[in-house]
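The chains carry the letters A, B, C and D, assigned in the order they are written, with residues numbered from 1 in each.
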Amino acid sequence: SKYEYVKLYETDDRLLPGCWIVVRLDGKGFTKFCELHEFEKPNDLRALCLMDEAAKAVVGEFQDIRMAFGESDEYSFVFSKSCELYGRRASKLVSLVASLFSAAYVRFWPAHLPDTPLAATPMFDGRAVLYPADSTLRDYLSWRQADTHINNLYNTCFWALVQSGKTTAEAHAELRGSLSDYKNELLFSRFGINYSTLPERFRKGSVVIRQRVTVQKQMPDGRTKQKERLEPVVLHCDIIRDDFWRQHPELLA
Amino acid sequence: SKYEYVKLYETDDRLLPGCWIVVRLDGKGFTKFCELHEFEKPNDLRALCLMDEAAKAVVGEFQDIRMAFGESDEYSFVFSKSCELYGRRASKLVSLVASLFSAAYVRFWPAHLPDTPLAATPMFDGRAVLYPADSTLRDYLSWRQADTHINNLYNTCFWALVQSGKTTAEAHAELRGSLSDYKNELLFSRFGINYSTLPERFRKGSVVIRQRVTVQKQMPDGRTKQKERLEPVVLHCDIIRDDFWRQHPELLA
Amino acid sequence: SKYEYVKLYETDDRLLPGCWIVVRLDGKGFTKFCELHEFEKPNDLRALCLMDEAAKAVVGEFQDIRMAFGESDEYSFVFSKSCELYGRRASKLVSLVASLFSAAYVRFWPAHLPDTPLAATPMFDGRAVLYPADSTLRDYLSWRQADTHINNLYNTCFWALVQSGKTTAEAHAELRGSLSDYKNELLFSRFGINYSTLPERFRKGSVVIRQRVTVQKQMPDGRTKQKERLEPVVLHCDIIRDDFWRQHPELLA
Amino acid sequence: SKYEYVKLYETDDRLLPGCWIVVRLDGKGFTKFCELHEFEKPNDLRALCLMDEAAKAVVGEFQDIRMAFGESDEYSFVFSKSCELYGRRASKLVSLVASLFSAAYVRFWPAHLPDTPLAATPMFDGRAVLYPADSTLRDYLSWRQADTHINNLYNTCFWALVQSGKTTAEAHAELRGSLSDYKNELLFSRFGINYSTLPERFRKGSVVIRQRVTVQKQMPDGRTKQKERLEPVVLHCDIIRDDFWRQHPELLA
């Protein structure tokens, strides 16, 4: 049609080849969304598992995703350096990941929070960031996991203080500027909590990678057959140190 | 932390000021998604209403959206030229619109297709396109609505032929290269269908604008009070000709 | 060759259609360059004419340039909204304008400053800026011309004070924060200078537009023939008020 | 001033950190420019030395340039991965390199072509390309040097044939699709030219790197002192094989 020229106004937003592509999502206004649904503080296991479920849906959909890392209301998806999905068009990748994640979050909500009706529509912003070097990608993931630790230690102390009768202002004041050691000590001496025994999911966030799993397959003749398949699994382990990367050399290969 | 430098790899993707921003979403692989859920052909009223519902959620959320236009598995949202939401960052706008639309689509699915369980997670790609001139924005919208007409006329003929016993190959062959008049005539003479009496939603798509509605508001003292509010409403009217724009001068103002 | 894949790393930097493209150049480190060549202060007529000459070379080369505006060590070139030169690739436009301007500046140097050997290689940075609306383009040009006025009034006072025996620090101190009226008065009462009678080139900068000129053309048979041609000419007039634009309606048409 | 808002229309074009930045220049319409100045075919030593001189001026100006490679009417400048010049703004880098190169080309023209007055203003287009990996940067440079070889071998044959009396069409026809070996043989058997003995500058192009040179410095007291300095030098050597990179490990470090 004579109107088709308007398509020429679209811009080419292909991402530089040869770089890792990280798509990071973050829940919009989740402070309020978590309040509204009375999520447990500081960590609601059901909500975190729902995040992981949505992330697995994304990893399962896009073969070019090497791994993902999630914490709180955010998730980062790492596309391989050689990914050619949609010609590496940034808006395609960012929008599809944000869209699928959000749709899966709503779809799987009842399974994870059966007693909590969804009272608002959740949404996640997204962005694509490029990392040319493997070491910088690792620093990116370390950044997120270090953040998980810092926030979780703080929030654990904060809510322990509040539950013990302090106001939120008092709790903030007590923690302001304090170091890790102080907070660990506070948890132990005042609340009998050994921080390092808290669930790893809370302390380290969630890592999604693909692992070989054996699945029973029903054959047409009634017999079952064992088949191997790569499937997204969720781990809660340290990804800052070298260990993880030595154990999974395929991730950066 | 020492890892924070990785944030510097994010790029500034602010969109040029002074231009209309159109965010267009389109269902990924909806040919298959529609088959899977046995949507009526060529138009499933329930599915189209669900699209409109999701679009209203988006328009309701972002005050900077002036209007939206939808058809088939796609929706375009027009942000005002002076929009400063998220500093006009493209990925923020595109991802949030795609995310909210998708989440709302899943959330409101049961209300619109109560007898059809969701069997796959729908997702929508998104992109932002800039239009510097009002006339080009209108051409953009005309492009989409002309497309609605062309596709719908074709599909209506196609499925009428198929339901009358033709194979899909035969139906395609019969319609290939034919003009509008021919197709209108075919519908009328062979199937007794007067195309222009088909639902406007199918022929013209959906236009979402904000209209002043009167709402009954329950007061604390038990009485009700009438209040005026701007609310997203869905129209199915021509937006190619000048009439619509003369009736809604605020849209381009 | 097997190395050719590296070309795929080039990015598509085509500028949005339908917008004015302004390429602005600015001399790099001209404070030093002007000192080195002992340019007259605050305005060296020879240097400014050389800038205009270089600008005319650029305007003469690229038919898509509608007009240019220059002052001090900078020049802005306005490409028409519909320009399709090099597919509107930003780096092509910016680099070629910067390159040609610089080469012409050096080439025509001896004609304008015959007694001053070039003692360093001048260079100019460049950038492309898009303006979607005609009114914003005019505001851009007004911005530059208002800047010309402000700087020139200040510099005229400054150097008058310095030549009258003040140190540069004293001159700055005296002028800091002062209004236009004060500076005009200072020039008149202390130095007998009526600012508005200073050369328009200094006060208003240079505007390059194309004008129909009559040229004598030597024919093969020895006779001369008059021919009309569009040629870049330099004006020094107000471009902030409407007058100029009313007199040259073709510039924004 | 009230016009200053127009500066907000400038876009942030900072290049991704952690990548090599290659700025490649190429003469605009040099086929015609070389004809006009009757450059020797296929290689004009004076013109190539002038290119190298301009390149040295660029390398001398920007400390972040690690090396440069030139051939024919083009030159590529490699900025280090960690370069922070002008915040890595693409248009700043591209325009300044194009500008300085062009200005130097004109400035040093008389020294290299003393008998040929400049009859047109030369100009060079420029672009910035990012290479995330060292190996890809090397492939880029190999691409340009392989191109030098291919073009030079072809052109040497072509002009030999033309000088021997063939028309340009005949020469093209004879060479079309021929392999390297054929062309080497042709040069040797028909024109007695051993291709590998032609000047390396023609066969391999020019590499500019910084080398430690000893300079005599005149002291205030009249004595001279030896000082070491890094200075741009021009080499004509293979940069495809590993040798060069082993000899200059600092280039990729």
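In this section, contacts are C-beta pairs under 8 Å (C-beta built on N, C-alpha and C of every residue); 3 or more make two chains touch, one makes a residue touch a chain.
Just so we're clear, the structure is a prediction, and the values are computed from it rather than from any experiment.
Just to note, of A-D and C-D, the chains joined by more C-beta pairs in contact are C-D.
Set against the Cα centre of chain A, the chain with the most distant centre is C.
By residue number, more than half of the contact pairs of B-D reappear in one of the listed pairs A-B, B-C or A-C, namely A-C. Between the CA-based centres of chain C and chain D the separation comes to 30 Å, rounded to the whole angstrom. Measuring from the averaged C-alpha position of chain A to that of chain D gives a distance of 48 Å. Multi-chain contact residues, meaning those touching two or more other chains, occur in chain B at positions 9, 11, 16, 18, 130-131, 136. Those residues of chain D lying in contact with chain C across their complex are 1, 3-7, 9-11, 25, 28, 57, 61, 90-92, 94-96, 98-107, 118, 121-131, 136, 139-140, 142-143, 146-147, 150. Note for the complex: chain C touches chain A at residues 8-9, 11-12, 14, 16-18.
Chain B contributes residues 16, 18-19, 130-133, 136 to its touches with chain C in the complex.
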